[in-house]
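For clarity, chains are labelled A, B, C and D in written order, and residue numbers in each chain start from 1.
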Amino acid sequence: MYDEIIKQSEELADQLKEWRRDFHRHPELGWMEMRTSSLIARRLKEMGYEQVLVGPDVCLDESRMGLPSQEDLEEHYRWAEENGADPEFLPATRGGFTGVVATLPCGEGPTVALRFDIDALPILEADEEGHFPFDNNFRSQCDGVMHACGHDGHTTIGLGTAQVLMNCRSQLHGTVKLIFQPSEEGVRGAKSIVDHGHLDGVDYVLGAHLSGDVNTTAPYVGAGDGLSLATTKMDVTFTGATTHAAVSPHLGRYAMLAAATAVMNLHAIPRHGEAPTRVNVGKITGGTGRNIVCDQVTLEMEVRGTSSAANDYMFDYAKRIVEQAAAMHGCSCQIKLMGAAKCGSNSPQLAEQVLSVCREQVNLPAKPLEGGIPGSEDYSYMSDYVTSHGGQSCYFNNLVPCAGSFHNRLFDFDERALVNGVKAFSGVTAYLLK
Amino acid sequence: MYDEIIKQSEELADQLKEWRRDFHRHPELGWMEMRTSSLIARRLKEMGYEQVLVGPDVCLDESRMGLPSQEDLEEHYRWAEENGADPEFLPATRGGFTGVVATLPCGEGPTVALRFDIDALPILEADEEGHFPFDNNFRSQCDGVMHACGHDGHTTIGLGTAQVLMNCRSQLHGTVKLIFQPSEEGVRGAKSIVDHGHLDGVDYVLGAHLSGDVNTTAPYVGAGDGLSLATTKMDVTFTGATTHAAVSPHLGRYAMLAAATAVMNLHAIPRHGEAPTRVNVGKITGGTGRNIVCDQVTLEMEVRGTSSAANDYMFDYAKRIVEQAAAMHGCSCQIKLMGAAKCGSNSPQLAEQVLSVCREQVNLPAKPLEGGIPGSEDYSYMSDYVTSHGGQSCYFNNLVPCAGSFHNRLFDFDERALVNGVKAFSGVTAYLLK
Amino acid sequence: MYDEIIKQSEELADQLKEWRRDFHRHPELGWMEMRTSSLIARRLKEMGYEQVLVGPDVCLDESRMGLPSQEDLEEHYRWAEENGADPEFLPATRGGFTGVVATLPCGEGPTVALRFDIDALPILEADEEGHFPFDNNFRSQCDGVMHACGHDGHTTIGLGTAQVLMNCRSQLHGTVKLIFQPSEEGVRGAKSIVDHGHLDGVDYVLGAHLSGDVNTTAPYVGAGDGLSLATTKMDVTFTGATTHAAVSPHLGRYAMLAAATAVMNLHAIPRHGEAPTRVNVGKITGGTGRNIVCDQVTLEMEVRGTSSAANDYMFDYAKRIVEQAAAMHGCSCQIKLMGAAKCGSNSPQLAEQVLSVCREQVNLPAKPLEGGIPGSEDYSYMSDYVTSHGGQSCYFNNLVPCAGSFHNRLFDFDERALVNGVKAFSGVTAYLLK
Amino acid sequence: MYDEIIKQSEELADQLKEWRRDFHRHPELGWMEMRTSSLIARRLKEMGYEQVLVGPDVCLDESRMGLPSQEDLEEHYRWAEENGADPEFLPATRGGFTGVVATLPCGEGPTVALRFDIDALPILEADEEGHFPFDNNFRSQCDGVMHACGHDGHTTIGLGTAQVLMNCRSQLHGTVKLIFQPSEEGVRGAKSIVDHGHLDGVDYVLGAHLSGDVNTTAPYVGAGDGLSLATTKMDVTFTGATTHAAVSPHLGRYAMLAAATAVMNLHAIPRHGEAPTRVNVGKITGGTGRNIVCDQVTLEMEVRGTSSAANDYMFDYAKRIVEQAAAMHGCSCQIKLMGAAKCGSNSPQLAEQVLSVCREQVNLPAKPLEGGIPGSEDYSYMSDYVTSHGGQSCYFNNLVPCAGSFHNRLFDFDERALVNGVKAFSGVTAYLLK
């Protein structure tokens, strides 16, 4: 069976590249993966999948975090209509109901869930020579939106895996569940899939991330302790009072000064002695004109920690900073939670199986990684749910040479990752359902 | 003649209120006063004015500072079309060519220019009981735009004065020039009118601002040293580099930290020992997402000084701060000049005449003010041009009880200011052309 | 009589220079003017003054603000013993009881109080060629202490005036009171003299400050509205908790971050629209070692305003800032009041008399000044007390060419100021008691 | 032999406590361990050591970093004279030549160097009940200086080990070198010992640190990867210009604002994605008075990184920040290097031997530690030198229950650490020279 998986995966190589480049050309932000979701559903149906969920059946409405405005959702819906979305499946996504869940029942046996994240980032892609997608004509066609985190690859690997497993279904014993998750950036989507019940009864859950850099000389699969960073995302709004900046500056309440003080102090939160932490104020917006004292500034920010305690330390300190920065300048402040993820951790046995299947069955170099995977992932909601119900979880790395750095306008990955990813997911699933 | 002026002004009271409330309901930002300009021109024509300039004949194209994007101008043009603009005069304003200049020739004699500014501010007007425009149903119909500086009153006073002077024209000897100036907020418009030549050959130029507060128990006219604040306006853009905020924060170049450092230090520029100064960062925008290191932040800011030396001190210090704040975080920065005004000063003789005409001829209480008028005005470009060519200038205050403070969502003025303004402008003009 | 005053003043020229240079060589900080006070008392006694108060009879013990530690006072006392203090009068000054009050009764008539301040500043004087005191060998012999505000001149003028008035006493009718006040820097001393009762029954009080800069081409006397700046002085201490900076930074409570946040925000307190303000954090001390999280920082600071309302605005805002900056980093803070002065204002009639006596009687150019004198003075406590009890006050400027700027290591004044000051004080006193 | 070591170590228990409490009562800062060094030398001599180096023979003069002023060294020398220093050995320490190196030759065989650090910290020890040294009457007698990092224990363990090895010398084959190093805090001393040549020809070098916290329920020895943090220490001085804070604030150049900006931005240096980092501004001093613009501020600071690259990143960023913060306010800045340490790493074979000897030979629980030891140590200079010359190094932890946290006023350790430390050092040395 493994030889067949290898062979089929490799035969898919050209198809995978084509899919990937189409997704790369049409990146969509979180909760807006309307074109993407409709095409995933279309292709799964064409492969023979009969149980394909879309629309409100995927993400629980009220658990969706950080939803864009209805106006933006509507505008993007029209864009999707005009840019090649599948007309059968598109309507279900209206209002931000993106994502796809497909099930392949193969008789008695355990349930294996495979998770692939599908959204893009608000980054303007590079348009200069030397940037592979530019040179090869598949640079993003959406100004200011880019697959700079490899989710175009993840989506494609999911489709390839779906095809290979469908082809091998007669040799599997159990159930395969393919989860194409929206809105991973900002860790906003996974919770709503878990809350909808899609992880109920799952015995094994697997996820993966493309990784590597220019020094990754040859592709391989790695698995270590799992995800390393818990995170909390928040929007902070400072509200003061306007006045004429020259006539009566003393009557203003300066949201601008509150915000600048907060930004400086947030980034200066002391390091934690036991666990690395992160903080980022990624976006700021405020004020109406230069001669008016600014009465409102909004920060979009996040904190992270490699332990829950460290993340809590960061969050508590951050709250104190923004509250006091507001009070210092006679302003009020509002803190709105926009996302959250836990520290994930791999089930040691499953992690070892992932590595040995890759190495021994599907001919992929594989080795243990030290420590966890930097960054945060709302995959942690799935792993937490499954492992706390007696199942196992493994989040592994699909390493290839990468250009640029993640979340940068020059990011790109070696497309060998696509076939490798299909081999790894298919091989491990086959092993678990053999 | 003065009795006639008094009588006619008072008879206009209801008309003035109606005009003012219509302008208040339809506020337009700088270079977008399309509806306003078209209606001014329409009414001047109806009054019998034969020389009415609109469109590119008013402001010199290349001298217009701080022009909005063509997209915003176009969108607003469509709004004006749908919201009661005059169809004859509107087309000339397309592309931001707002403002009106009208001339009333009355034979031999000096030329008197009267300047009225017509633009609004990006402030969301209060919608609560007790706010007079709300209670009386003429609150702004444009969300986020408001006449919070009284220019609706200024425009109305200009129209009223135009009517009175037209009625009295047989008694005048010389030329009246009515200048309805766009884009005073941000001191962006006056220079382009001067550069177009409209102040050439002017012997007297007059401007006025509504003022007062809740403690102004009775209306009066005041005149002092003139305008007190020189100012420089600029946009500052910090450019760094994005990266994944958790995986590789050390690879980012944090425009956010550069901007926050600049905001704090700009507001902390030491006071000047000899002349009061001002600084305001009124608007900030930057970043794309919370998990991406922010690579670009733009500040809209201004400095001011009650002497040119003090304003230069502020501007030089501010430049140094933004440049070093950028360098500190490995970012570049660009400083774009967006507006400028000089310290204006009144011609003492004309200022005295304004006060004595008000007091003795048109029955308005009037008294000298100490010092200058706080705030900056690009009227200074007109006063500077006229006085440096042998003419005289006076910028006076039209004081009435006012609610809220200037540039605040609760601002409002006592409408007695309308008739008073017409009396003052008409009376002084009649005196100078008698 | 005025001719005599002119003649005697000019004959004192060499004596005044000698006294001034001796005081300049031996500057003493506030409440430590032990050598200075003892020599003033000695010289007054030699001139024939019979009522000379020293020690606790001058400043009310419990009203002395900002007293140095007993240890520092004791150490300085020993220094004074070894550096030429007068042995008869020195002991009374022990413990910081500095200052001298002398009375010259001349029969019936009003009481005129003349105030001279005598303390120096904690500044290291320049030791480079071109600095007049260095070139002429009277640079400060006390490292880090300097007469950089001209009080050596004030003290000397006080002694010269004492001599001239003693010589003319037969022509005076009333009482002269000479007040040599300690601890003007930091506005700490005047209140304790007022509280002791020395201003009771005073009809006229006069004070003066040396002023001018390199552009002051010729000496003159100026008088305007009086003092312009109210002020509040405070010490702020932030207290957090230490920990090992590398092992457990998250357990620290960073007084250092609280202090830096406070400094930035204090200097960024928005300007007041109606009255110029000032703020300065002049001194900072904190921490014990670089690898220990700093648990305590003390700021020595002040705010000022040209109106009491503006000073109150600054003080209230400053308090809010330091309290919230502390809370932001889990620290406590303590605010200790160290000094205060009101806005002083001149009695218009007395100010005019000062100018006319200078100009017409003692041959000194004199002219009105616009506005008030920048800076704060605790002379305001005296002027406030006298004028609120029916008397009159005038604080005038003794202008001469000055090098450097005030409170700078290169400060120096033209010594013509000494004779001029004696003429002005003596002439005006003679006029008031004629 | 090991049984003998166990027995002798335990018999020393009371002696060790007495020594430790004496050192604790008399803590001395780096380069000032004059009393301490003289007593170490005295006791080694009494034990029979014949080769005992003191004074300039220990630390190479020109390699000593961060030396106190000669004045402070002299003052402390006098204190040591009066507080029980040994009169024979004290004079050699004058001028900051502290530290002791003793050699015990035991015939042919390898050389084992043991390193003990002896200095204290500038912390005011707690004087409240519940603090063990206070309750037991051995709180620091030197106000503001405290053994808050356990070096009193290290010194004592060194003496105990010296005694035990002397007693067993007939059974050893090789050379023992005991290094009592001054000035470890601030990582200032080790380099000067290496530079003097004391590590030449050393085959094995061993160091240890007391550690643990309230949750360490039972004592044990741990060894892991070694030291984790490279560090750079620096003093930064900002120099601006004074002026009168109220009269001419615009003429000042504000070292205070430069310093506050630097502190905020230094603590806000973005985290490194690959290696935890640290930054601390531990001490700040500047200014002379509240009404004078502050012209000089000095920061004492450090950066650290768990890799050399991460430490270099921190140092380069920090330099850029302080330079630009100075330039921003027209100030100059001077950066003075005050100390440096590399990342140390343990030789795996020796680390295993340390654990097995402890566990199996001298009856001490022992286990491997994960990762490195937090904090920095200039022991790294010794380990780097020895391992790069073919030798081996191990830095291990001597864990016991500890109160407070390290570098805190409440720090204390369980005195069982003393006997345990002697057992571990003696046992491993005996093993290596068996």
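Simple rule for what comes next: a residue touches a chain if its C-beta (ideal position, glycine included) is under 8 Å from a C-beta of that chain, and two chains touch if they have at least 3 such contacts.
Just so we're on the same page, UniProt names per chain: A, B, C, D = Amidohydrolase.
This one's a predicted model, so the numbers in the text were calculated from it and none came from an experiment.
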Item to complete: Considering only mean CA positions as chain centres, point out the chain farthest from chain D.
Response: B
Discussion item. Per the definition at the top, count C-beta pairs in contact and tell me whether B-C or A-C has more.
Written reply: A-C
Worksheet entry | Whole-Å gap separating chain B and chain C, where each centre is the average of the chain's CA atoms | 46
Practice prompt. Would you kindly tell me how far, in whole Å, the mean C-alpha position of chain C lies from that of chain A?
Written response: 67
Fill in: Touching two or more other chains - residues of chain A
244, 246-249, 251, 254, 257, 261, 264-265, 267-268, 270-271, 273, 278, 293, 374
Worksheet item: Which bits of chain D are touching chain A when the two form their complex?
Response: 264-265, 267-268, 270-271, 273, 276-279, 374
Worksheet item: For chain A, which residues are in contact with chain B within the complex?
Response: 121-123, 144, 149, 185-186, 229, 231, 233, 241-249, 251, 254, 256-257, 259-261, 263-264, 267, 278, 280-294, 297, 300-302, 304, 338, 374-376, 405-409
Worksheet item: Touching chain B in the complex: which residues of chain D?
Response: 244, 246-252, 254, 257, 261, 264-265, 268, 270-274, 293, 310, 313, 320-321, 324-325, 327-330
